[in-house]
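Can you keep this structure in mind? I'll have questions shortly.
Per-chain numbering from 1; labels A, B, C and D assigned in written order.
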Amino acid sequence: MSADYSSDEMMTVAAARQLRDGTACFVGIGLPSTAANLARVTHAPNLVLIYESGCLGAKPDRLPLSIGDGVLADTADAVVSVPEVFNYWLQPGRIDVGFLGAAQLDRYGNINTTVIGGDYTDPKVRLPGAGGAPEIAASCGEVVVIVRQSLRTFIDRVDFVTSVGYGAGPGYRARLGLRGGGPKTVITDLGVLTADPVTCELTLTRLHPGVTVDQVRAATGWPLAVADEVSTGEPPSTDELTVLRALEATKKAGV
Amino acid sequence: MSADYSSDEMMTVAAARQLRDGTACFVGIGLPSTAANLARVTHAPNLVLIYESGCLGAKPDRLPLSIGDGVLADTADAVVSVPEVFNYWLQPGRIDVGFLGAAQLDRYGNINTTVIGGDYTDPKVRLPGAGGAPEIAASCGEVVVIVRQSLRTFIDRVDFVTSVGYGAGPGYRARLGLRGGGPKTVITDLGVLTADPVTCELTLTRLHPGVTVDQVRAATGWPLAVADEVSTGEPPSTDELTVLRALEATKKAGV
Amino acid sequence: MAKLVSLAEGVAELVRDGDTVALEGFTHLIPFAAGHEIIRQRRRDLTLVRMTPDVIYDQLIGAGCARRLVFSWGGNPGVGSLHRFRDAVQNSWPVPLELEEHSHAGMANRYVAGASGLPFAVLRGYTGTDLPRHTANIRPIECPFTGETLTAVAALRPDVTVVHAQRADPAGNVQMWGITGVQKEAVLAARRSLVTVEEIVDDLDPVPGQVILPGWAVTAVAHVPGGAHPSYTQGYSVRDNDFYRAWDAISRERASFEEWIARHVRDVEVPA
Amino acid sequence: MAKLVSLAEGVAELVRDGDTVALEGFTHLIPFAAGHEIIRQRRRDLTLVRMTPDVIYDQLIGAGCARRLVFSWGGNPGVGSLHRFRDAVQNSWPVPLELEEHSHAGMANRYVAGASGLPFAVLRGYTGTDLPRHTANIRPIECPFTGETLTAVAALRPDVTVVHAQRADPAGNVQMWGITGVQKEAVLAARRSLVTVEEIVDDLDPVPGQVILPGWAVTAVAHVPGGAHPSYTQGYSVRDNDFYRAWDAISRERASFEEWIARHVRDVEVPA
């Protein structure tokens, strides 16, 4: 075990640990892809990685920069069309875990990746938009969000609902007919928040080593719910860090 | 040219001649497949044969017994799934000619291949049913029907509409929103009937050599419309007969 | 990950009396051996689903396994009628057979809807035909953008789908090629699935035209070489067209059919 | 049968001012060379359609070719934002850009509907999001069998779709493999299509994972080796991830962008 790691590394390792071996995971690019590949190379060798480019069961030996790098197609069990990955694989609920990022997130795990500030047609900041996220959020067995925690990100009300979490609270997903379990877990650079089974509110349940509850509160734009017992997670193991850094190095190396 | 040919051979040759080179043709099994392959080997080398099994551009060197014999897949430009052949290729109207058979046919080219006699749930004769025909009849640029002509087949009112022709007459297809041109041509062992552009009624326009108008009337279960000028078709050429018989021989020989 | 089973185990575990069962394969890759095992295990009251109920379903129907048939074309391709199917419909022998009848395009789209987790699919189909009169699973639907009327068909969700394929690997990943019909959709639409394969190999070397069913989307795989005969397996066998022709005479009379089933299906020894 | 043309001819004949144009390719096989030719020929008022308007559309937008963008994810994958896209949306530079925004699942299904000759497609999508508020092309639809409410999206019918592929034969049959995204659907949904290819070969030997577009379903084919760079062509090149990273700095300022376009696009000599 090493004390010499960044908070981003801690976040990625915590996210990887969240993935159980043998499950199928819909992976977005960036942190989700890094975490999923870390899990696959460490404790979850039979994790099935699904990329929206149509790669089912990709087993990249280096981190792709995009969700459609050649290494994903080369190592996949099957490459299917983009309509097929959404219609036959995601939509019917075949994917256990969906891994999403966020530009803004509220207490019910609703996600914005579309616009910030101003009006929709005249925004302050124009973000990339939805991509696969709305249907990943709707249809996966559960959703894990990875996002750095700050007052800019964790806000009381998202400017735009790109991907719905628990909406306005209990019963909301059922009323909309959403079949997936929603954003049960949010992993940040400070700790882990879990959706309360009754209130649906994101609740701080675990801190990364060295982080305090007050620090998390200070980075949250609403009165943060905190579990009665907040555990502290294990720091990254030497093995986890070694693998993670080797993976990151492959990304920097290009291809 | 040879006088020594059967009426079925004449029918098949007449059907083959109906196919223009370079067009795409949706081919059912049996006489349509024989005629389409005869056309491809004689005057229409660039005829694109499409089989509902998903074979696009099949170029079999022997006649398949089924619409899914291996020779079709082996020689096709592309083999696609069955949903794809119907949804992406037939439905949007990409196929110029649909080739259908019939157990019963009425004056408007409506086709029955489902049940004969009795009630639908307790029929006298249970036939194979629809297969691809209803949508071929609806969506192809035009439909060519090949069928032996008799009072059992050419009847005043079909017992069941499996595939719609001109329905009840002029304007019917447009009212239903059908995009294909309908059964413009019916080729029988006696001659050729053509749908009248105004009345939509099948009209005798051509006789096979040696057949009289009265013979055709006697084999038609409604007062047959006859064109002002009824031509007589050319008998099969030696080349057509040679190729046709060579094709038939491959079918009898099995795969 | 799919379980590797024997054919007898697979059918015993996955195909139950009263089930809705789809044995798919469009001329190519028809799972005849699995159909015969269903006859041997004397399944009853099945709803049989299949686009082209050809000889395989003629056998299951004549053997009394089926109560209901959902289909789009019931014949012996290139040969003629299915006599056992006809006898069941026209004379209720050996048991009455209820029919639900569609077009190929409709059936294919019903499987697509099932595979997609949707309750229905939309097509330009059935319009002007008498087919919609006889089932509640075909209905008009209006386009919310253009107002145009199209046709909706209800999703198919078989309890179990059985298909035959060329190969699987030990993890149950399945590889098939050639004419692959509607098999992927039929497997993905079903609650359970059984795939019989010609070979189990360590690595599924990619093949042009291949369709892959990942092992985690398949319930069980059984090693059944020749399991498609008299249908065929591209790369392994050719279609036994002579048998399809011979079936016409075998199946024409009840007695000759029963004798054939006894000799070639019921009394055949199979590994447990 | 598809016509064999030069890239300049193909763009001149098939892409017209004011057209709805889809340049597809999901990370892989993006038709960059064709996009550059559109810039060189100074097309205007285009409605650009693309699931992932990445660097290729950033260039077209920055060059002033587009009036409207229909898309589902606009970023530089793994790198960050598209600065020209942002500048157009936030500051109307060089011309205002109207947006119509979807999810990937929605866009993919809109192409499927277009390819299928249907006016709409049905999916479980957009539910609970703010996306439907901003376009008339997303509407609720009720299942005629279960009464359940699902989402309908309007079909996409581009005037012209442009894609890049590995190979074509002299008859214009096109072969692509690797990640083939939504290209088949985008081509079949369009009124006209242009395919740029790495090679024209006499025979398209079958390749695992291939998608074939028959020549009679394609309008024109142009031989453009390297036509996907900095995207890639499986079997011919690898993704130039360094260029994607470099684009961030090139595109950040209007001046550096314009200088790059002048040097690498407008002033490039191309065969007529």
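FYI, a residue touches a chain if its C-beta (ideal position, glycine included) is under 8 Å from a C-beta of that chain, and two chains touch if they have at least 3 such contacts.
Since this is a predicted model, take the numbers as computed values, not measurements.
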Set of chains adjacent to chain B and to chain C: D
Between the pairs A-C and A-D, the one where more C-beta pairs touch: A-D
Inter-chain centre distance, chain C versus chain D - centres from mean C-alpha coordinates, in Å: 39
Centroid spacing, where centroids are CA-atom means, of chain A and chain D in whole angstrom: 28
Centre distance in Å when chain A and chain B are each reduced to the mean of their C-alpha atoms: 57
Touching two or more other chains - residue numbers and ranges from chain A: 87, 91, 139, 179
Residue numbers of chain D (touch at least two other chains): 117-118, 123-124, 148, 184-185, 209
Chain pairs in mutual contact under the definition given at the outset: A-C, A-D, B-C, B-D, C-D
Of chain A, residues touching chain C in the complex: 22, 24, 46, 48, 56-57, 77-78, 87-88, 91-94, 139, 179
Residue numbers on chain D that touch chain C, as the complex places them: 117-124, 136-137, 139-141, 143-146, 148, 150, 152, 154, 206-210
For the chain A and chain D complex, residues of the former touching the latter: 29-30, 52-55, 64-70, 72-73, 79, 81-83, 86-87, 90-91, 114, 120-135, 138-139, 160-164, 167, 172-173, 176-179, 254-255
Contact footprint of chain B on chain D as seen in their complex: 1, 115-118, 173, 184-185, 188, 212, 214, 216-217
Residue ranges of chain C in contact with chain B within the complex: 26-28, 51-52, 71-75, 77-79, 81-82, 85-86, 89-90, 99, 101-105, 108-109, 111-112, 123-131, 133-134, 148-149, 178-182, 184-185, 209, 211, 232, 234, 238-239, 241-242, 244
